[in-house]
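In the two complexes below, chain A is the common chain; its partner is chain B in one and chain C in the other.
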Partner chain A sequence: MDNLHVDTLVVGGGIAGMQAALDLADQGFQVALVEREPSIGGKMITLSKVFPTLDCCSCITTPKMSAVAHHPNIHLLTYCELQSIEETGSGFHAAIVQKPRYVDARKCTGCRECEYACPVTVPSPFDRGLGAYRAIRVPFSTAVPQKAVLDMENCILCGKCEKECPAGAVDFTQQPEPFEIETTTIIAASGFELTPLNAKKEYGGGKLRNVVDPLMMERFLAPTGPYGRVLRPGDGKEPTSIAYVQCAGSRDQTLGVEYCSRVCCMYAVKQAMLISGALPMADITIYYMDIRTFGKGYEQFYQNAKAMGVEFVRGKVAAIREDGEQNPVIKVELTEEGRIVERTFDLVILSLGMTPAPGSNGTTSTSLSASLGLPLGTDKFIAIPAPNANPCASARPGIFVTGTAMGPMDIVDSIVTASSAASAASAYIREHQKEAVYA
Partner chain B sequence: MSDIKTEAPSRGEMLKRLRETHAVSVERTQVLFRAQKQMQQAICQFIRETPKTVPEIAAEIGKPSHEVLWFVASLKKYGIVVEAGMCGDYPLYQRAKEAQA
Partner chain C sequence: MTHRVDSSLLYELKEFGAVGLEKCINCGNCTAICSLSKEDDRFPRHMIRMAQLGMKDELLGSQELWLCYNCGDCSETCPQQAEPANFMAAARCYAVTHYAPLKIGNLFCKRPLLGGSIAALMVLFFSIFMYGESQTMATEQLKLFGFIPYELIHTAGLIGMVLIGLLSVVAILTMMSRIARVNHLSFKDFFNGTRMNWIRAFWDAVIVQSLGQKRYREECETPENTRVWYFSKWFVHAATMWGFLGLLFATALNYLLDIIGVKATGAFVPIWYPTRLIGTLSGLLFMYGVSALLYKRWKSVDKAHSFSRPSDWIFLTLLWLSGVTGFIIEIALYLPGAPLWGYWMFIFHVAVSITLLLLLPFTKFAHAIYRIVALYIHALKPSAEAKPTQPEAAAAD
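Let's turn to the complex of A and B:
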């Protein structure tokens, strides 16, 4: 792996990081995009359709992923971990490690012969563990790059993949490869994670098979999902009654997540509409405290869902248990009627909130904010000291923040902040270049 | 600076090293792999002739239905099992070879 000298290092290849990289590269700047997973795309590539337009998510994201991979000014570095960052007089020095794929990326054609030959099946995080792939695999059908990666922790070293690979690409001799990047600016785009499904004991503590998280539901609704249709994971039944529990991981002091995660109301409304299309006979109920439709066209979207027959019930869900047939039973206080009732459903989705990407809560050594020396806000996302004057500037000159690395937001706002961070970085680089000329 | 060049280890040596450094995970995965194979065979055997639902397969082979669904989904992904209609609210699954025959 060669050392690089670039104008901007973007950390994180979700929609925010990809957009920031493309904006800068289109202006002629040299960009390195470092992604820790084997493919770029982030959470957005796992979604089915997007609110408020209901466009196919893959149709929007895949061309962007491809544009990043083919841009002459972008060095795409997947399956890489940022180790440390040091300030130099002229910018930053980043130490990175390329993790071994055990596949020669230059030779691999993405044909998946190795994957079909491999005898070990493992849960696929792309499908939130409900789908499977093999110990060696191309991570998902639209992955960029379309290259296989071998997961040594789940490999029995049988050598079948190496034997089957027509390109001779499987390479057991690969080792972690450290390399360095000199850069003038950094854009942090490390994204978000969902609050854990097992966080609330009252909601089954993650043990109820038919109580799922909303990214699982996105996968059920996607044509490439684990079952190819909407089924409940407990026993493969097509659900006929489905409930959403809003604010199941946000606005909750007991979880330390006191803020509103902003997108949960909208994704629940979106999924309810998509389920109505996929399962026209299904009853869908959304239990909410208040519905927050903050964006352009979002209120109309909510009204459309109501008109389609989605039932919105104001109520606080106190507990969820399971009956003898794996059906989740919800105990809910109907706040407008002042009654507590129990209702049984086939499937329940907890509308979980957003927290910073793992490691970025300042508690671990792999924390991006810690490696970048960036302070966190009270919400544990990267702090923006002057949000009104400089909405993407971190506390350190030359380091900018975009997307859900700075707080919960939707795709529209992730893209807006990406272009804003790119524009701020571009001004900073030009200023720096001027100083260098006159120095 | 020393002039001595260290030779890159051969493929055989690297594999030996990998077997040593990953002895624990290889052994754990071998146990898992054997269990997976048994489960896959049991499922495929039962749905060879007649398509079945996940709860029917689970009852026949004595495994939890969520586990059976996970295996059925993975067998379907790799073309070994196909969907073959519905029985009430449950999709039916059959071995691909027999379903296509």
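Let's turn to the complex of A and C:
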């Protein structure tokens, strides 16, 4: 890999990172976008629809992904990992590693012949493990770049893909390639991860098969989803009664997550609406402590869901067990009536919250902030010292933060902070260039 | 019904150690996770709500307070860490001071130094008093009742028992009248239905639940929290209680044997003599239970044992001291010669035991009486109006 010299290095290719990169590139700055997954798109490309407009997520995300890939001012570096940064007089010096795809990206045309030949089937993280793909594959249908990647952990080295590839792109001998980027500014857009499904033992500790996380539900509801319809994973039955357990991963001090994750109420309401469309006969109940619909148009959205017949019940679900037919049974106090009930559902969704994205090895949640030398807030997200005066500035001059890397937020706010970070970075670069000229 | 609001209730409860109460957002997790909380007895959230709203009369008229065995599940899972189990314990302490006369319980629930000093002074007073009445110290063999006259101890014990009995009756009546007022019941309702009905309720409260610890054993133990059966919450508690009752039984039996002229109190008996054997075995069980309870509170082994009030410590310490001194006396009895410290230990033992008894209505000890009353009411389910008959209930479904 050749070393690069850019104005801004964006770390993370989700919706926030892409938006920040595009805003800067459109102003004429040189941008390098580093993404650790083989495709950009982040979490948003896996979602079904956005609230409160119910627009199709793919329809918003894919054009941005293409725009990033084709922008003359953006160097898209997928399947790359930021190792460390060093301050230089004029900015930063970033050490990056290109992870081996075992496919020559310059030769690969995305024809998928390798994928058809591969005999190994692996659960697909893109479908939250509900669907499967091959050990060598284009990550998903709308992936950018449309290049195959081989996962060596599951590969049996049968060599079929290598034989089938018409471009001769499969290369089992690839090694990690370190390279360097000189940059004036950095934008951290490392995103979030869901709080773990198995964290609460009262909720079955992740062992109940028909208790799922909200991103699984997004895949059920997405047109590109694994089944193309809503089925419960335990036995493939079409659910007729569905419950949402709000605050299943947030506002819970026993989990160490004291904050409100801000999106759970809205995605639950949204999914409930979408389920009402997909399964018109299904009963949907949302158990909540508080419903927080604070954004523009959000309260109306919530009222619409109520009017559509989605049942909202105040009470924190205390425990979930399973009956003999794998049906989750929830126990809750209906706090407005003062009654304690046990109720059986076909499917339960735990409205999990947001935690900072973990490191690539899955062991540390602070990898990006550590490699960037950024302090964390009490919530473990990257700290923003002056959120009112300078909402995207990190504690280090020249490094900006956007999207859920700084705290839980929805897509609307992620895009707002992305443009805000781009604007702050742009001002910083110009100031810096001026100094360089007059020095 | 009009509700009187006591705006200082929350602050008052805090003095009893109800920390974190203001964090409660009434999500209902505690009530739903509680294995004892049912349709008719809703706690702890219901009680917390009363405390937050200043509904003092309703709180003090809730027998549900005494249905809780402090398993700690609610505190372990409370998303706000508002410590509902600790609140229940604090509210029970609050109730103890309000049921017993003159609010003497305040001293032991809120003031560790003052409460502890009073207990210590009582022990000292009774010791000095008995020393003043003491007679000869036999040196060839320990003759305890030759040292402190047998009549003195008996008279003191009986006066103490009668006093405590009277105080307990007053306290129980206070508790029942508070429960009655809040639930629109008359005293007659506590004995409603056939005689069989309330005898059965009494049986359930005293034998099945109190002596048998049924609900405590079956519903308040979570497998993850119970490492070994002999360290489980219910067993440690049961060991203390059974041991205590065993000692009481041995003493009563001893007295009975004296009355019917089989054996004079204080006469030397071998270790296998029935009353001595019952006493020794009960004592061992009792000492195990009390020591385990003290250890759990000292080490804060779980949520349920992390918050202790002065009343808990004073009660457990007195229990432990009475048990330990009893065993030292027993050792002295069987040692060759008559070690003098055996006599001093005897004075101390009697003083501690009398103090323990006299403080019953004002310390943690009081739970023994209130819990039985609450369990009785729970089993009887008194109601002012007649309940809907079976067909009506079916029709409502």
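The working rule: the second predicted complex is superposed on the first by the 432 of 439 C-alpha atoms of A that agree within 3 Å, B and C clash if a C-alpha of one lies under 4 Å from a C-alpha of the other, contacts with A are read in each partner's own complex, and residues count from 1 in each chain.
Assume contacts are C-beta pairs under 8 Å (C-beta built on N, C-alpha and C of every residue); 3 or more make two chains touch, one makes a residue touch a chain.
For clarity, every value in this text was computed on a predicted model and none was experimentally measured.
When both complexes are overlaid on chain A, the residue A:396 reaches neither chain B nor chain C.
When the two structures are aligned on the shared chain, A:201 is found in touch with chain C, with no touch to chain B.
Contacts of A:254 after superposition: chain C is touched, whereas chain B is not reached. Of the two partner chains, chain B is the only one that A:238 touches; chain C does not reach it. In the superposed model, A:153 makes contact with chain B only, not with chain C. Once chain A of one complex is fitted onto chain A of the other, the partner contacts of A:71 are absent, as it touches neither chain B nor chain C. Here chain B and chain C are compared by how many residues of chain A each touches, and B touches more.
When the shared chain is aligned, no partner comes close enough to touch A:107: not chain B, not chain C. Once chain A of one complex is fitted onto chain A of the other, the partner contacts of A:339 are limited to chain C, with no touch recorded for chain B.
In the overlay built on the shared chain, the residue A:317 is in contact with chain C alone; chain B does not reach it. For chain C in complex with chain A, the residues that touch the partner chain are 25-33, 37-39, 42, 45-46, 76-81, 224. Within the complex formed with chain C, the chain A residues making contact are 201-202, 247, 251-254, 289-290, 314-319, 331-335, 338-340. Within the complex formed with chain B, the residues of chain A that make contact are 116, 119-121, 123, 130-133, 135, 152-157, 172-173, 209, 226-229, 231, 233-240, 326.
On the side of chain B, the complex with chain A involves touching residues 8-9, 11, 14-15, 18-19, 22, 25-26, 29-30, 32-33, 36-37, 53-55, 58, 65-66, 68-74, 76-78, 83, 86, 89-91.
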